[in-house]
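Let me begin by handing over the structure; questions about it come next.
Order as written gives the chain letters A, B, C and D; numbering starts at 1 within each chain.
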């Protein structure tokens, strides 16, 4: 059963100390006027608490953008084990926790991805509450409350943080600084509940997701795909930023002498025209319309076999990072569902 | 050899220079009857290429004139456009441009001295030969060139064709940590620069021209030695603002070459390291000055083969200046560097000329902008084009003097002579002027 | 080694023999260095073949039995396959697998079967017929249809000469264009795979196993349906771009499924629920 | 193979019309390759050059004059692998871009005068005239990519060169998008990656120096830039500056008409 505590915001540096003692702390920092990224930080002051969404989701910490899997020299093949060190991932919002849940399912299914799992295991995840902006819609896809995937989840209840602790490691983290934690009082519990009720009311856009998979299939030939596809740049910005996209390429990097080398895996995107092309030049998704529709279906309808869940967690990253403005998931869903354009939401 | 014998010296392709050129000398009865330096690099018509483009695109496009001095082209273009728009860059921007430019000079000079010219002096036909027989020199080259490349990469984004230089300023400031890395590299390279000078001083030029050329160079903006300026000075005593370049620089096409030939007030001229040193050597910083004053250059021996020595002295000076610039930047720049918040400037019709001292000499860019900020006319004059007439004259003087030498030796000497100018034929052909009307 | 071993770790294979089957098509016999390296390989499965320094390519297992060695029939298509064509007997390479579901041979037991191969699609189909013939008595009537554009592209010529003589197997070989340097020793019929299906005595109770170029499926399915065959009896082996073979890299994703895991062999009536799977579904 | 007779594979490096950038990159990285190859021709770097059969010929620059063409044909005839290096050789670069707007004769007349003797061809990439085995774009090429192409070809393998867009590298580096955040005219979506998304990393717009990516969506790029407020002639001039061929983007309204002459 979860345990609940509170600690004053003023005490945060102490909490930070506890995290650093465990390992490298990774937290959102500001990287440009509008953007944030998870980076190693050495003091609480560097953390951008206001960050809603980082450019890349936390998946990069477990499933790096580029990673060497194997090395070979002559006939000897050797696995390049990931350099796994204890770390604390701080500031993960509910949508990203859900996103990690999706990747956990994929990478732990047989045959499991040992590198991903090793990094995941060595990481303490500290979640953090947030207030939705005009691109957030996690409540529409049911990922708005933190359910699992964290060790500690902090909710901002004004002057203090309400900490839900979900694992022995999390508990140890909190207890490593004596006097930091108080058991959550009745007031604090009330404040906690108020926060989440208010947060629920704060969503500016959204849709009802019940019939979504069926609608997406029903609307396979909807003219909207053609309309959006016309504008699609096939730049692939939508996939690396998505917490649940995991496609990759594997390539050989040979040394100059040719007798040794490495096998490297790198993030790939289904939006590139070569992605599905097979020998003989046949391409199953030749145009941007095909690829965009494929992506939408995967996000909103999801897997049919192994996992059976849709893969959009409502973080809004694709919407904000699409240069052409066509990854407006909420707007598209509303149109597919037959509602008005932008109903309940804001025009972008 | 009888007096009535006709001879020709033909070098179909001068190697170890950038681009393609050929030399042809006719000797008639012991007298040189004609000399042609044929730059047969393909023409690219840059002043046409830039036409119609927005001024923001110009530095990136003109960078492609030449890889080795791309930074020079980028800066000359930026200076010209900024003048047309009537804006002045901030002092921080100027310092960063200067640093980038110094990086280019170090890289270009080092590559020319070691990889292109040195084989002449030591008789190494190819690079692997040089690398195996002169590993120390090869390593010097690597280090100096890496230094120049590192400066350009940290400030400009890559070793050449910089991406961080724009009209109005930079898009990203370097971080202190990176600048400090450069400082460390600079201070460990000074010795190498000195030893490069010593190396070149140890070679005796096999031939010499007989007349002093007209030297032309920009008057450095500051009181020190430098490579940016708005007026040009001639060894004949006159000074002119760069804006008036049409009046003092004459240009004409020759039928046998893709490069035009220039004259300064009607005379063949020489630009580049030697010109700069002969005009402004007294302004050098203490390190370079000590080498310079002890060199044959200071005592008036202006054999063009000493141009390589002049380049080596400039490397010393560039290292010294780069250190000074970085010290200033460490005070002016935010610790972490980062985005500069550069904004696009409102367009304005106008005309502007800009010039910088490139490794090979003064480079001029001149643009007219229409009221939407698009290029309506362009003109560029490169140092290599300015030098061609003087190279031909040098060849004539050398052949006349040494006409009795073995033809093979003479031919080799001529190649060395042409190479000493470090001609950049890609530049020479890519920049030729259009008429304004 | 240990539980943390990455699934991308290959086993060693050594090329034991190379046979030229047709221009740009070769049969490689590969000796597996680790006897347990590729456990229990079924007809229709594939392996990821790795050439160090070049990369991997999915290749169907082409022999009915996989013990200490297996056969792969490869067409030179690009980087990896060209590099393979430069290799010689005794060279080593890497293999991962076997991957995919393969053909449902248990389900086929006791049934009449038609195997339909187009072009290089004959590679996985061969593993199936070799298996079926090994256990001939378990299956009903067997029809083998194999089509290609030019008769000189015929693969496994020698094997077909033997197959054509068998009484317990009907073989139809079609080429759209029967010319070549020498007249083929295998009897060809002029036409396409679909024409052969028309000719063959296929009844609605047959099970069909099909593999060929992407464009072929539509016409073959039409023909089989015309014979009254229900979609549940039609099994198609699909080709998709694949990088990992283990349901992770996403390249082979079709509809909501990974071809490399749910396939490459799909039952036609399942494909109908997968958008983009094949044109006719 | 006569590998035994030739202890080291032979390579050559040639340039046609270009900025010599690739030669410079190759020169600066040659040391790493020297133990493995013999450089039989590299006029930029050495004086002893032979025109003889080679295993690999690297050619930079575009074909811009008859002389270039002769040389290219001679190189092709003697090279087992011909590698086009750099945007000029692969796409035609800026001098290719301008040939959409003016003929060489027009340009020669304007630049060198009426009675010039310039024999210019419209600048074109190598594969317009000869078979090219490997195309390695870049302006300049990336040294790492050059070495890996060399490594592959020395083993007689084709190298793995992808043409995914710059945006991928940009996102993998986790840059803030300058097109989205600053409305800069970034061409990353239609430009081939390889540079490591250099310009956006420096907070600037990609101007397309690597040439087009696989299946570049030119029309969509045009729509997006127009919506960001860029005038159509600036959009066209940006899209066509670094050698995007007509087949890929056929907006060829002559820019000259739009320029107000002074």
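What we mean here is this: contacts are C-beta pairs under 8 Å (C-beta built on N, C-alpha and C of every residue); 3 or more make two chains touch, one makes a residue touch a chain.
All values derive from a computational prediction rather than experimental measurement.
Chain pairs B-D and A-C differ in how many C-beta pairs they share in contact, with the greater number at B-D.
Chain centroids computed from C-alpha atoms place D closest to the centre of all protein C-alpha atoms shown.
In this assembly, B is the chain whose CA centroid lies farthest from the centroid of subunit A.
In this assembly, the C-alpha centroid of subunit B lies 24 Å from the C-alpha centroid of subunit D.
Centre-to-centre separation between subunit A and subunit C, using Cα means, comes to 39 Å.
Here the spacing of subunit A and subunit B, counted between their Cα centres, is 52 Å.
In terms of their C-alpha centroids, the spacing between subunit B and subunit C amounts to 64 Å.
Each of the following residues of subunit A touches two or more other chains: 32-33, 249, 251-252, 254, 258, 268.
Within subunit D, residues 151-152, 155, 160 each touch two or more of the remaining chains.
Shared interface positions of subunit C, i.e. residues touching 2 or more other chains, are given as 53-55, 78.
Taken in their complex, subunit A has these residues touching subunit C: 69-70, 72, 75, 77, 79, 81, 106-107, 109, 111-115, 118, 217, 220, 246-252, 254, 258, 261, 263, 265, 268, 270, 275-280, 282, 284-285, 290, 294, 297-298, 301-306. Of all residues in subunit B, only 13, 15-20, 40-49, 51-54, 57, 60-61, 64-68, 70, 111, 115-116, 119, 125-128, 131, 138, 142, 145, 149, 157-161, 163-164, 166, 171-172, 253, 255, 258, 260, 339-340, 342, 349, 351, 368, 370-372, 374-377, 415, 426, 432-434 touch subunit D in the complex they form. Across the interface of their complex, subunit A is touched by residues 32-33, 36, 147-148, 150-152, 154-155, 160, 162-165, 167-168, 171-172, 174-177, 179-182, 186, 188-190, 214-217, 219-221, 223-224 of subunit D. Remark: subunit D residues 151-152, 155-160 touch subunit C in the complex.
Remark: subunit A residues 31-35, 37, 54-56, 60, 65-66, 230-237, 240-241, 249, 251-258, 266-269, 272-274, 288, 320-324 touch subunit D in the complex.
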